[in-house]
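In what follows, a single structure is set out as structure tokens and then discussed.
Labels run A, B and C following the written order; every chain starts at residue 1.
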Amino acid sequence: MSAVRFENVRFSYPSGVEALRGVSFEVPTGQRLAIVGQNGAGKTTLVRHLNGIFQPTSGSVYVADAATTGRAIAELAASVGYVFQNPDEQIFASTVIADVEFGPRNLGCSADEARSRAMASLATVGLAAEADTHPLHLSLSERKRVALAGVLAMQTPIVVLDEPTTGQDAGGVAMVAGVVEALASAGRTVIAITHDMDFAAEHFDRVVVMAKGEVLADGPPVVVFGDAEALARAAVEPPQLFRLAAHLGWPDRPLTVEGFVDAFERR
Amino acid sequence: MIRLDDVGYTYPDAPAPALQHVSLEVPPGSITGVVGASGAGKTTLAKVIAGFIPQVEGGELTGSATVDGRNLAELSLVEAVSKVGLVIQNPFNQISGARYTVRGEIAFGLENLGTPRAEMAAGVDEVAALLRITDLLDRSPYALSGGQMQLVAIASMLVLRTPVLVMDEPTSQLDPAGTRLVFSVLDTLEEAGVTVVIFEHKLELLQAHADRLLVLADRTIALAGTPTEVLADERLSGWGIGATRYTRAARLARERGLIGAEVPLPVSFDQAAAVFGTGAGGAR
Amino acid sequence: MSSTLYVERPSAVHRLNPVTKLVALLCVIVVVFAIPQWWASGAVLLLVIVPAAVISGCGGALARIGGQILLPLLVVLVLVQGLTFPGGQTVLWRWGPLALTTEGLMFAATIGARIVVLVLSSVLLVLTTHPGDLMSALTEAGMSPRFAYIISSTLQLIPSFRARADSILLAQQARGLAVPRNPVRRLGVLMPLLAPLVLGMFTDVEERSTAMEARGFGSTAKRTTLTPVRDSRAQKVARWVMPAVALLAVVLQVGWGLL
């Protein structure tokens, strides 16, 4: 069963700018997919089709094998949780806990259930102690974690993360990585937009490279990051240790620190 | 150029100090990177160096902070900002919001300073070319993406040509190409004699571009030195800063007995290539 | 999304110094309010506003926007004043206590003509003058730059607020908030979302003011402007002549009344 399917999706903004020029791919349930590419490549526009914020100008988008056409954003929210890149576009309540409870409450959870889900999500992102704080008193990187918790608490089968690691310190990045792993091991689908190739290589099953509204490469990280031509066209570089192994002429193309050291041992 | 001696600072009505016993020195014409976990006090330190604390924020500043030999506490805010430019963390709040084009937005600071028109236009064109945003100049500042806004925000400070530039996470919204561009611009500034202090999480880029690194942990400068010295330090992970992947790989290889403890930990691509290539690993 | 009604055209009216246009607007308003007769407003309309609108190339937009503002106003005016004017003698039509009188209609015409001039001339200024240019020109003419900044940034705040409100609303829908189609219930759902937004904008203002200081806003230097304000000797003269004419109209009117 596929969690998400894009079929020749084209999308033009009212201004006439064509942001997507025929995107097709399918994401099986439980996959961790990273979408990479320059700013303006159409990554955010594409994922915003998943919860109906955008409807394709032509082509179709399927979520859990049902077309999104004509379905309200609020309805799709039960299937797709979407964490906005800028937390200030998402957080609105006057306490952290109220904001995180908002999604589950909309999905019909009881007050108790919403509260316990919210507290669990806040614990996941390391902000349980800030439940009663006003979001404006938190730093930008903390607000980003509140936004993530707000979507995690919805427990949707598909979670979309728009640049989840920007502005996060090492601990924050590790926390986001842990969230991705935990979601996947619970059988949920994770789609993340990221500029951090190392993060994509280390924590995702599959990488899609986009440029100018098109998919340039699509496959397992080890294959995609070896596609020098596509990466150059998308102005991204392979992960650091991957690049180092290639530079050293090793037969392996490691994606992680462990993989790199294993490859070192083997040679 | 910048010198802080035993600086402590407490925000108004805050129960605990945000910075304590901070001593640091930034040599002129250099790039200094500051790393630290979230909440370590980076934004506060940026505002101290830029002269906004305590002038704008209030609160109590102890110790001495000097720029160019002059005590920041004795400088007026206008004097301070003429010496030190501050690029704040959120680019959407860096712009004045009172101009209708990116061109006008970038010129805003120069207008305030009374720069002659021809010089102003040339200055705007120059920074726009440097940051490759010339095609945005006639757009509305409100129609920009986060990444574009960040470049405009940086341009709006660069154009003022302050001798010191303090940047608080200036690449957070940028893609890899944009990030590389900003760091290459820093190199250009350094060649022109500008002193840069950059607060950043991206260790590999700091390693490649900074002359010195300062580590902010527990509200104070816990460590200072060259990038190679600082990034190989064992304590970095404990301070929530992590380590480069090169360093982490070498540590793991050490643990597994693949490289000897006498081999210095690599912190960059080239150093790692030496360690894992023809170096110790190759000998096995 | 734009915060202004400004329509860009390569016209002589657009090229005028914004201060000249502002002075002209104020003088026109003083004249039509000083001289109560409807023909004064009619003359101003035919001899000043219509030609200016034609030259500016914004006649269509002026008619459309002016019409939208004026039509309801004028209908109410004619109904209320025309039907209920207390001094009405010459009854044209009567229905119960309501009487359409010539005096009432004349009174409505006098007031209405002034309102037409006031609205159309103001809208024309807005259509042909970019607010940024107006602020630059006023600053150059001696207005406080802080005041100019407050006005400009407030004008810009509206589109930025709308953009932010739109994105907050989208984000909440993405978290399962159903937005009703009924506008009243819709407002009920939206209000709680927008209140904290206003607070957020104030916090932004605080951070932004830090950024503004960093960009020399507190500087005491004599400010310059990036775009030169177009001006001419003729316009400088006009900026003295127009108020003089307006003053003359007031004096004549007051004198007439005294006689």
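The rule is short, and it goes like this: a residue touches a chain if its C-beta (ideal position, glycine included) is under 8 Å from a C-beta of that chain, and two chains touch if they have at least 3 such contacts.
Labels paired with UniProt names: A = Putative ABC transporter ATP-binding protein MTBMA_c05830; B = Cobalt ABC transporter ATP-binding protein; C = Energy-coupling factor transporter transmembrane protein EcfT.
As the structure is a computational prediction, the values presented were derived from the model and not from experiment.
Taken as a graph of touching chains, this assembly is complete, with every chain in contact with every other. For the pairs A-B and A-C, the larger set of C-beta contacts lies at A-B.
Per-chain CA centroids place chain B at a distance of 45 Å from chain C.
Chain B has its Cα centroid 28 Å from the Cα centroid of chain A. Distance between chain A and chain C, defined via averaged C-alpha coordinates, is recorded as 46 Å.
Among the residues of chain A, those in touch with two or more other chains are 86. With touch defined as above, residues shared between interfaces to two or more other chains in chain B number as follows: 90. Per the touch definition, chain A reaches chain B in the complex via residues 37-40, 85-86, 139-142, 166-174, 195, 197-198, 235-237, 239-241, 243-244, 247-248, 257-258, 260-261, 264-265, 267. Of all the residues in chain C, the ones that touch chain B in their complex are 1-2, 4, 130-132, 135, 145, 148-149, 152-153, 156-157, 159-160, 163, 204, 207-228. Considering their complex, residues 36-39, 43, 89-90, 145-148, 169, 172-179, 201, 204, 237, 240-242, 244-246, 248-249, 252-253, 256, 258, 269, 272-273, 276-277, 281 of chain B touch chain A.
For chain C in complex with chain A, the touching residues are 164, 167-168, 170-179, 193, 196-197, 199-200, 203.
Residues 47, 50, 52, 56, 77-78, 81-82, 85-86, 88, 90, 92-101, 103-104, 107-117, 120-121, 124, 140, 142, 156-157, 160 of chain B touch chain C in their complex.
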